[in-house]
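The two complexes that follow have chain A in common; it is paired with chain B in the first and with chain C in the second.
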Partner chain A sequence: MNGSSFARLLLIARNTFLEAVRQKFFNVLVVLSIAMIASANFFRQFDFGSSELKFIADFGMGAVLLFGSILSVVVTAQLFFSEIENRTALTMLAKPVHRWEFITGKFLGVFLVLMAFVSLMLFLLAAVLYWRESNLMTYPRYADDFANGRIVNYTGILQLVFSELFKFGLLAAVTLFIASFSNTNLYTVIISFFVMIICQLQYIARDSWSDLDNPILRGIVWMLSLLFPNLQMFNVGEQLVFPTEQVTLSMGGYIGLLGYGAIYIAVLLGLSAYTFRRREI
Partner chain B sequence: MPLDRESWLYRTGRRLALTAAVLMGVGLACAPLQNRVWGEVKSFQPEMNLRDLEDALGQGVIIGLLGGFRTLVADFVYLRASYYWEKSDRPNTEALLALTTSIDPRPLYFWLNAARIISYDIPVWRVRERGDFEDVPQAYKDHIYQEQVDRAMGLLDRAQSFHPDNMQIPLEKARIYYDKVKDYENAAKYYHQVTQMPDAPYYAARIYANALDNLGRSREAYEFLRELYPTLPPSEEVPQASREVVLERIREFENDLDMPLIERFPPQSIELAAPDPVNLTPFSTTGEGTSASED
Partner chain C sequence: MSEPAIRIKNLTKDFRIGVRGVKLRAVDNVSLEIGDNQIFGLLGPNGCGKSTTMKILLGLLEPTKGECSIYGINSHSVKSRLNVGFLPEAPYFYKFLSGRELVRFYARVCGVPKSEISDRTEDVLTLVSMQNAAHRRVGTYSKGMLQRIGIAQAVVHDPKLIVLDEPTAGVDPIGSHAIAELIIALKERGKTVMLCSHLLAQVEGLCDRVAIMSRGKLVLEGGVDELLEKEDQRSLIIRDFNPQAQAEIEAVLAKYGSKLDKVEAPRISLDRLFLENTDGAAIGSGQDVNDKEDA
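Right, the complex of A and B next:
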C-alpha cells in the first residue's frame, strides 16, 4: 500500500466515523446502553451480597452485547447504503479511489465507532463495578468473600474490550460483505442478523458432525461448520472478569481468539472487495 | 450450448462458488486455532434445553437466545422473578426462578438465590396462606419446611451438575439443612464435604463440629477440632480462621466430656500468654470462656 492509498483509507474511515457519531441512531443506542448499565445500581435492593457484582457485570455485558450487535449490523449497513443512495459513492469512486479502499475505509470507520462504543460502555461498567465492590468490601458480613482482595479482575475488563471489539468487527465485516452484493439496506440488516444467529450456533454443527451416521448429512453439517465463524467463542466475559482456578482463559487462548477474529475480518473484507469490484452503483 | 460468461447466472454462481471455497478454506485453516480456543471456552458454556424453554418464552425470545443473548434474557427473567418475589407470588416466583436457571445455568447466584427463596421465603408464604403464622400447627409448618427444603435440594442437585467442583453448592445445602429444618445429619454430611474442598471458608469446619455435637457425637467433634487447630493460620494474619474460637470450643468439649488432663489438648501459647489464663483444671464441669456460636 503506498502512502496516498493509506491517506485515502484514513480519510474515508474518518468521514465514516464522523458520519456515524452524528447519527441519532448511534446516540440513542449509546444513551440506552449507559442507562442500562447505570441502572444496574438499583439491583442493590435485592441484596445479593458479593454475587451482586456478577449480576451487574452480566447485565452490563449483556447490554454491550445487545446494543453492540445492533450497532455493528445497522450502522454498517446504513453507512454503506447512504453513500450509494446519496450518490456520494459515485463521486468518490470517480476519483482515484479503489473499490477495496472504499470497503476497507468504511470498515475502519465502523471499527472506530465500535471501539468508541465498547470502550465507553466497558469503562462505565468497570466504574460501576469498582464503586459497588468498594462499598461491599466495607461490610463485615462479606469479609470472607473479599478475604483475598477484590473479586473483579479489572485487567480482564480491558481484555474484554478487545475481544468484544473483534467480535463486533467480525459482525460488521459480515454485514459489509452482504451489503457489497445486496441492493437494499433492509435486506442487508435482516440477512446479517440471520448470519449472526447461524454464527452463534456454528459450534453445534462443529461439535456434532462427526457423530452423525448419515454420510451425506455428515458432509453437509461439516461444510456448514467450516463456512461460518464461531461467534460463541467470543463469549468469554465471565472467564475474563471473574477468573477462578476452574474458570479462566489463558493468555494463549485469548490471543488465539483475537487472531481468529482478525483472520475472519481480513478474509471477509477481501471477499467484500471482490464482490463489490464489479458491482454497478 | 456455449456458456455466457457475462450472464447474471454465471457471474453469481462464480461469486458464490469462490466465496464458499474461500470461507471453507479459511475454516479448515483456522480449525486448529478454533479447536484450541473453543476447547478452553466451551466447558463454561452449557447447552440450552430449548424444548423446555420454547413453551415458557415464546419463539421471539427463543430467537434472542439463539442470537447469543441468553445472559441478558436470563437477567431479565430473574428480575421478573424478583418482582414476583417482592409480591410474595409463589407460583410465578418459582416458575421464573426455574426458567432463569434453565436459560443460563452458568451464574451460580441464580441457583443459590433461587434455593434460598425456595427454602426460606416460600415456606413462610405457604404457612401464611393457611392463616396467622402463630396459629398454624407446628406439624404443618414442619411439613411445609421439609417439602420446600426438598425442592431446594433438587434445584441444588441440578446446580451441582453444572458446577461440580464449586463448594458453594454443598455449603448452601449444609446451611439450609442446618438452619431451616435442623437436619444435623445432612448438615454435617455437607459441611464435611465443604471442609474437604479447596477455598472452603474457615467457619464451615466450626459449624461441622457444632452439627456433630448436636447429633450427640461430641467426641467426634472434639477430635475433628483437635486435628483442625494446628492447621489454622494465626488470627493476626487471617482473622476469619478464628483460632481462639476453635481453641475455646476444644476446651468446652474437654470440660463437657470430663476428659482427664493427660488426654487433653496441650496448653497453647495464646492461652499461656493471656492475662486471665483458661482454667485447665481436670474434671472441671464449668468451662471458661463462652462458645462463639457461628449461628
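Right, the complex of A and C next:
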C-alpha cells in the first residue's frame, strides 16, 4: 500500500498549485498584469496604424516577461521555504515520500501556476490584438497594410504560450536548485535574479567566445555558456506573432527550443533532488 | 523471533556548528530496542537529543555513525516509513485545507487505496473526536485540535508504529487528557507508540517503558514500574482510618521487623481535580454559530 510515485507527484503538485493561487501575491500579480495588458488599448490615441499592433504586442509580451520572471522566482522560493519554515516538509518527508518526489512535485505545482499565468496573459493579449486589428482593418487608410489579410499570427501566440512557459519553467527550476541548498528565502530570490540576468546576457559571452584566440579562454567561456542557459533564445515573440519571410521560426527550430528548455529543466531538477537528498530538515 | 518495532544501534549524530570543523555531538552512541505493541516514552531535558534521535529514525536526518531500523527495515529506506505515523512537535499543517481534506491528502500520500480513503478518514476523525470540526479550515483550529488532527493524519494509513513528538505541548489539561486516552486507544488497537514528552506525570501513567537521555547519551532505560517502585516499601490505603489503630498496626509491623514510615491522607492529582470540575466533553472544538443565530 504505497501508491505510485506518479500519484504522489500529482498530489504534491496539486497541493502546491492550490497554495500558490490562494496567496495574495499571485492574485495581485495577475491583476497587475491584466491591467498592464488592457492598458495597451490607450495606444490607439497615438494613431500608429498597423505598427500599433506591434507596439501592443511588445508591450504585452514585456508585461508577461516582467511579471512572469518575478512570479517564477518569488513564488518558487516562497512555496519551497514555506514548507521548510512551517515544517510541513517534516510531516511530508516522514511519510513514504522520496525527496526527489517532493522536489519534482513542487516544481510541477509551480509549473502549473506558470501555465495558468502565461495562458491567461497571452489569451488576453491575443484578445486585445484581435479586437484592435479588427478595428484597424475597417479604416480605408490602412487597407494596404491588410491587403493580404490579418497581420497577427494567432497560432503563433498559442506557440508562444509554450515557449514562454518553458522559459519561466527553466527560471523556476534554477530557483528550486538554489533553494535546495540555501538557507533563506531572501538569499534564494536574490541569487536567482542574478542568475536570470546572467542567463539573459549570456549571448554576449557566446559572441565573445567566437572571437577569442586563446583556446583555454575559449574553453572556459564555452563551459560557462553551457552552465547558464541562454534565455535570449526564448525571445521569439516577434518571429511567432508577426512572422515575415525574413523573420520566422520553423517548426523544427520551435521544437528544438522547447527541447533545449526541457533538457535544462530536467538537469536542474536532477541537481536539486541530489542536493536536497542530504539536506537536514 | 519477530523484529522489534524500533532498533537503534550505536547511533551517533554530530552537527557542524562552526567553519573550523567544530562539531556538536547531539546523540552519543545510543542503542535502544522498542518491542511491539508498547507505549514507550523517550524523556530528557531540552537539547538532550530526543528529537534528533526521532528525526534520524524517520529518515529526516543522516546519522554520523550507527543505524536505526523500523520493523527490520533500515531507516535509510523510504519503505521503512510505510509502517510509521508521525506527529511533529507543534505541528503546522496546510492552513488552506479543511481538517477532512488534510487527512484525505495524507491518506493519499501514504497510498491508501481510493476505495478506502473516505471510510478511513471518517474512522480516524471519529477516533480523535474531530468529526464535528472536520469541515473547518485547519487555520482556524486551536492547539489541542491541531494536535488531534495531527494524530489523525499520523494514523490514517493504519501504521504499526506511531511516533509522537511532544503530543501534549501547549495543550490544556482537558486536551492532554483526551490525547492520553487516544494513545491508550491506539495501543488497544495493537499499535506501538513512541512519544517524547516533558509532562512526566502523564508519561508515568501512560508508558510501559521509558528511556531517559541526557547530553546525547541514554542514561536509563526500563519498565516504568520497575524503575519507579521502591522495592523494600509498600503503601496501604486504609478506608475509615482510626488513629487509635495506628499504635496497634505499628506494633504488628515491629513484630515482623517492619517500620511505619509515614501516615498521610492520599491526594488526587491536580489534573484529576481539574478534569472533574470542567466540562471534559467540550474539548476545545468550539461551536459553529451562523450570523442569523447570532442576531
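What we mean here is this: the second predicted complex is superposed on the first by the 270 of 281 C-alpha atoms of A that agree within 3 Å, B and C clash if a C-alpha of one lies under 4 Å from a C-alpha of the other, contacts with A are read in each partner's own complex, and residues count from 1 in each chain.
Methods note: a contact is a pair of C-beta atoms (placed from the backbone, for glycine too) under 8 Å apart; a residue touches a chain by one contact, two chains touch by 3 or more.
Given the structure is predicted, the values throughout are model-derived calculations rather than measurements.
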Overlay on chain A: chain C relative to chain B, clash or fit: fit
Which of chain B and chain C A:259 touches, first, second, both or neither: first
Contacts of A:19 with chain B and chain C, given as first, second, both or neither: second
Contacts of A:281 with chain B and chain C, given as first, second, both or neither: second
Partner chain(s) touched by A:90 [first = chain B, second = chain C, both, neither]: second
Greater chain A contact set [chain C / chain B]: B
Smallest distance from any CA atom of chain C to any CA atom of chain B, in Å, after fitting: 7
Chain C-contacting residues of chain A that also contact chain B: 278
Chain B residues touching chain A - in the complex, by the definition given at the top: 11, 15, 18-20, 22-24, 26-31, 33-34, 36-38, 40-42, 44-45, 63, 66-69, 71-72, 74-75, 78-79, 82, 106-109, 112-113, 165-166, 198, 201, 203, 238-240
Chain B contact footprint on chain A (complex, rising order): 43, 46, 48, 51, 54-55, 58-59, 61-63, 65-66, 69, 143-144, 147, 181, 193, 196-197, 200-201, 203, 206-207, 223, 225-233, 235-239, 245-247, 249-250, 252-253, 256-257, 259-260, 263-264, 267, 270-271, 274-275, 278
Residues of chain A touching chain C in the complex: 1-3, 7-8, 11-12, 15, 18-19, 22, 86-88, 90-98, 278, 280-281
In the complex, chain C residues that touch chain A: 55, 58-62, 78-79, 81-82, 84, 86, 88, 90-94, 96, 105-106, 108-113, 150, 153, 157, 163
